[in-house]
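As written, the chains take the letters A, B and C, and residue 1 is the first residue of each chain.
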Amino acid sequence: MTDRILCGAKGRIRQTTRKEAKVEALLTYAAHIRKAASMSASATPVRVIEETPAYWRVVFEYPPFNILDATIFECLQDLLVRIYASQRLRVVVFESAIPDFYLAHFDLTGKTGNITTAVGPSGLPILMDTFVRLTKSPVVSIAKIRGCVRGGSSEFVLACDMRFASRENTRLGQPEVGVGVHPGGGGTERLPHLVGRGRALEIILSANDFDGDTAERYGYVNRALPDAELDAFVDALARRISSFDRRAIDAAKNLVNQVSLPSADRLLDAITSFETALTWPETQQRVQALLRLGLQQDVEFEKRWPDNLGTLLDA
Amino acid sequence: MTDRILCGAKGRIRQTTRKEAKVEALLTYAAHIRKAASMSASATPVRVIEETPAYWRVVFEYPPFNILDATIFECLQDLLVRIYASQRLRVVVFESAIPDFYLAHFDLTGKTGNITTAVGPSGLPILMDTFVRLTKSPVVSIAKIRGCVRGGSSEFVLACDMRFASRENTRLGQPEVGVGVHPGGGGTERLPHLVGRGRALEIILSANDFDGDTAERYGYVNRALPDAELDAFVDALARRISSFDRRAIDAAKNLVNQVSLPSADRLLDAITSFETALTWPETQQRVQALLRLGLQQDVEFEKRWPDNLGTLLDA
Amino acid sequence: MTDRILCGAKGRIRQTTRKEAKVEALLTYAAHIRKAASMSASATPVRVIEETPAYWRVVFEYPPFNILDATIFECLQDLLVRIYASQRLRVVVFESAIPDFYLAHFDLTGKTGNITTAVGPSGLPILMDTFVRLTKSPVVSIAKIRGCVRGGSSEFVLACDMRFASRENTRLGQPEVGVGVHPGGGGTERLPHLVGRGRALEIILSANDFDGDTAERYGYVNRALPDAELDAFVDALARRISSFDRRAIDAAKNLVNQVSLPSADRLLDAITSFETALTWPETQQRVQALLRLGLQQDVEFEKRWPDNLGTLLDA
């Protein structure tokens, strides 16, 4: 197997943003030097491990929390180029190297670059383009979930073809409404089809975390598995699918997509509405309150911040 | 907190119907004088308890069974006017003050006034207008279910944004087909999206009751909770959501609605077909058999009448 | 109750095909003479047992494995003529007389006659016409599942109105992608609506078997019941529904169908894509490998063949 580093020189996201992101990444890295010392020298936010030419593992390792920012989107865009170019690939498993964080949530400090203003190859904004091209790609995407995965990151796993979660270590949710906005990357469009209107509204309007068992019961994930069995289950499934013919997989996925993907019209409504909500003063007040309380800085707060949303403006 | 009485002078439903309904209500009241004596003087079919300006509890108390008739629809229409007018409201929880009946079912003795012939503010018949405006309202509606809730009442809870049910004390179903008709208030349109075609057809064609656990497993309700935990769970959820910004809630709900609500075309087909079915002689035969057996009169029969539907015309 | 033999002289499928099918059926019969000797002289692939004029049981008994071939489709076409002609029928329960095989899978030895080239009464190819007319029929269809039911046979049960499965003895799946093709009889269209995109893709792309409990958890079947309770549960449900009025059932089912059936456009895309996939050399390689390993011949291999799909071309 081979390790390759993504986020090369040809990234689609503005150079200025990338520079800022790199500076920030360096600062974060310094703050976690002890952890970093034990990591491979080739540590990079999104690492591809080619188990076989047909089966890749993609590992998020962007300390401290795997925050979903412009850097991650740039890496995912690069990955999609490689996925679409590969003729032998069948399955990509997305996982995290940071124990309690799968992919924490959309960056709330402004490091989102031009993901809502620049367009990707599909003609849609980068945020949507990334998720839409993942859903339509000719290969199978599997999210293997351990740790926190909220908001835009929940929308990332909803854009994967399948989701398998650790029973003991999953905190999955769409907390946006508790932050004064709403999901803007497909959550409001994908969840109702997956879990029905009632549970979709509960997930989105409660802004709560859902553990592995509840997520399975609701259909938010395919299955929750005991943490000790998760790796073996997903690996066996990925190897099995990777033995199948690429055009059979592509044709089957294409037919399912025809009856199960939201339209671009609906996704554009969501992103436009989300952009508007970000400008509301009450939203900014909530974001600032969360950042003051330790969001994206304090590991304990980062693990459980949705618990605070019901009383956020009381203090 | 403040109690307010609904069903004021400005109800949209015809005066004659309202008079009839009031006479009936008085007669029913007299028959249950012992129970009534222990109730507050302000007892009214649909009572609003303003826990906070952002969180209202709406309590059905229309002895003996909370039958869904023109009076209840009039109250719900008045409530919708108040909901749409309020600028501070975020959440409405619907519950019952009658232990074994949430909202029994559509009235089968003819006290349905003009709910299928007069139009509401949406331009749709009152029956549909009530449920449709509830689904599209800018506030969150939660059904907290204890007791029997069947037919048109099941369609009421399906029009709520979320449903939480007592594990021990829920009898939920769509028994219409066993009475010779079929759901006409959205059940045939909302259930397939929520539980899939197979389970929707089982619910509708079996005309059976579903207990809390089965309803949860099917996705008919969000969750079934132990009865002792139901109030605290729903209250915490309602208070949490009531702390969020109203326009974030509204925008999120609007996006979900775009991909999850049935069209008016489909709902009109259902109500038209339902009106026709009510005229069939075999339907009238079944309705009369049920009334003779004690429907809407005998409390024990009212609790378990769907059990009799498979042998209704045998005697 | 009365037994009737289907597959009469008026079958819609070409005479040549019927002759071939009959020759094959005779050969199969000879190979299983011991088993056949213990069966009724009237043994026929699809037998109708009229429990009452309103409730029929349809029994598959086409040794050794209830393979879904042109003969079975011819019988189902004949059955549909009888179903549509009957004025008293309300419910049809489909079951198997062969313990470990409900309806094994689409024939892979070529005995599929003209089911994809000739059209049925709906104007669609026989394969689709059979399933589509079953979904739209005015009577209720219930699949009572014991044993293996894969591929085209899974698509048959998905076209039934409800599915109840033995908890201990169910192996349900869509293994087509592991054979180099993909579902072509509605699986890719019906599953996403029933179980959501994520679980539909897992079922279709994993090409794995699903047991009763998992199928219930996913919503693939309505319920999995302990094997000892399955017959009584389905019989009680069928008798109950059979007591209801035929036009109430028809009207209810018609309304549900309006919002839950896939369009003919989508079904035609699937069948066209399936026909193309059958011509791919890699598909033929996989089919031949399975036949060499004992598919449709060796009972033990037939029970567990999807287990081999992940390593099919390794040997």
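Throughout what follows, a residue touches a chain if its C-beta (ideal position, glycine included) is under 8 Å from a C-beta of that chain, and two chains touch if they have at least 3 such contacts.
Keep in mind that this is a model prediction, so the values were computed, not measured.
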Pick same or different for copies subunit A and subunit C, depending on whether their interface residues overlap by over half.
different
Fit subunit B to subunit C on CA atoms, both being copies of the same sequence, and give the resulting rotation angle in degrees, nearest 5.
120
For the pair subunit A and subunit C, the C-alpha centroid-to-centroid distance in angstrom is 39
What residues in subunit B touch two or more of the other chains?
193, 195, 219
Can you list the residues on subunit C that touch subunit A in the complex?
176-178, 180-183, 188-189, 191-193, 195-202, 204-208, 217, 219, 262, 266, 269-270, 273, 276-277, 280, 282-283, 286, 309-314
Within their complex, subunit A touches subunit C through residues 140, 160-163, 190, 193-195, 216, 219, 221-222, 237, 239-241, 243-245, 247-249, 251-256, 258-261
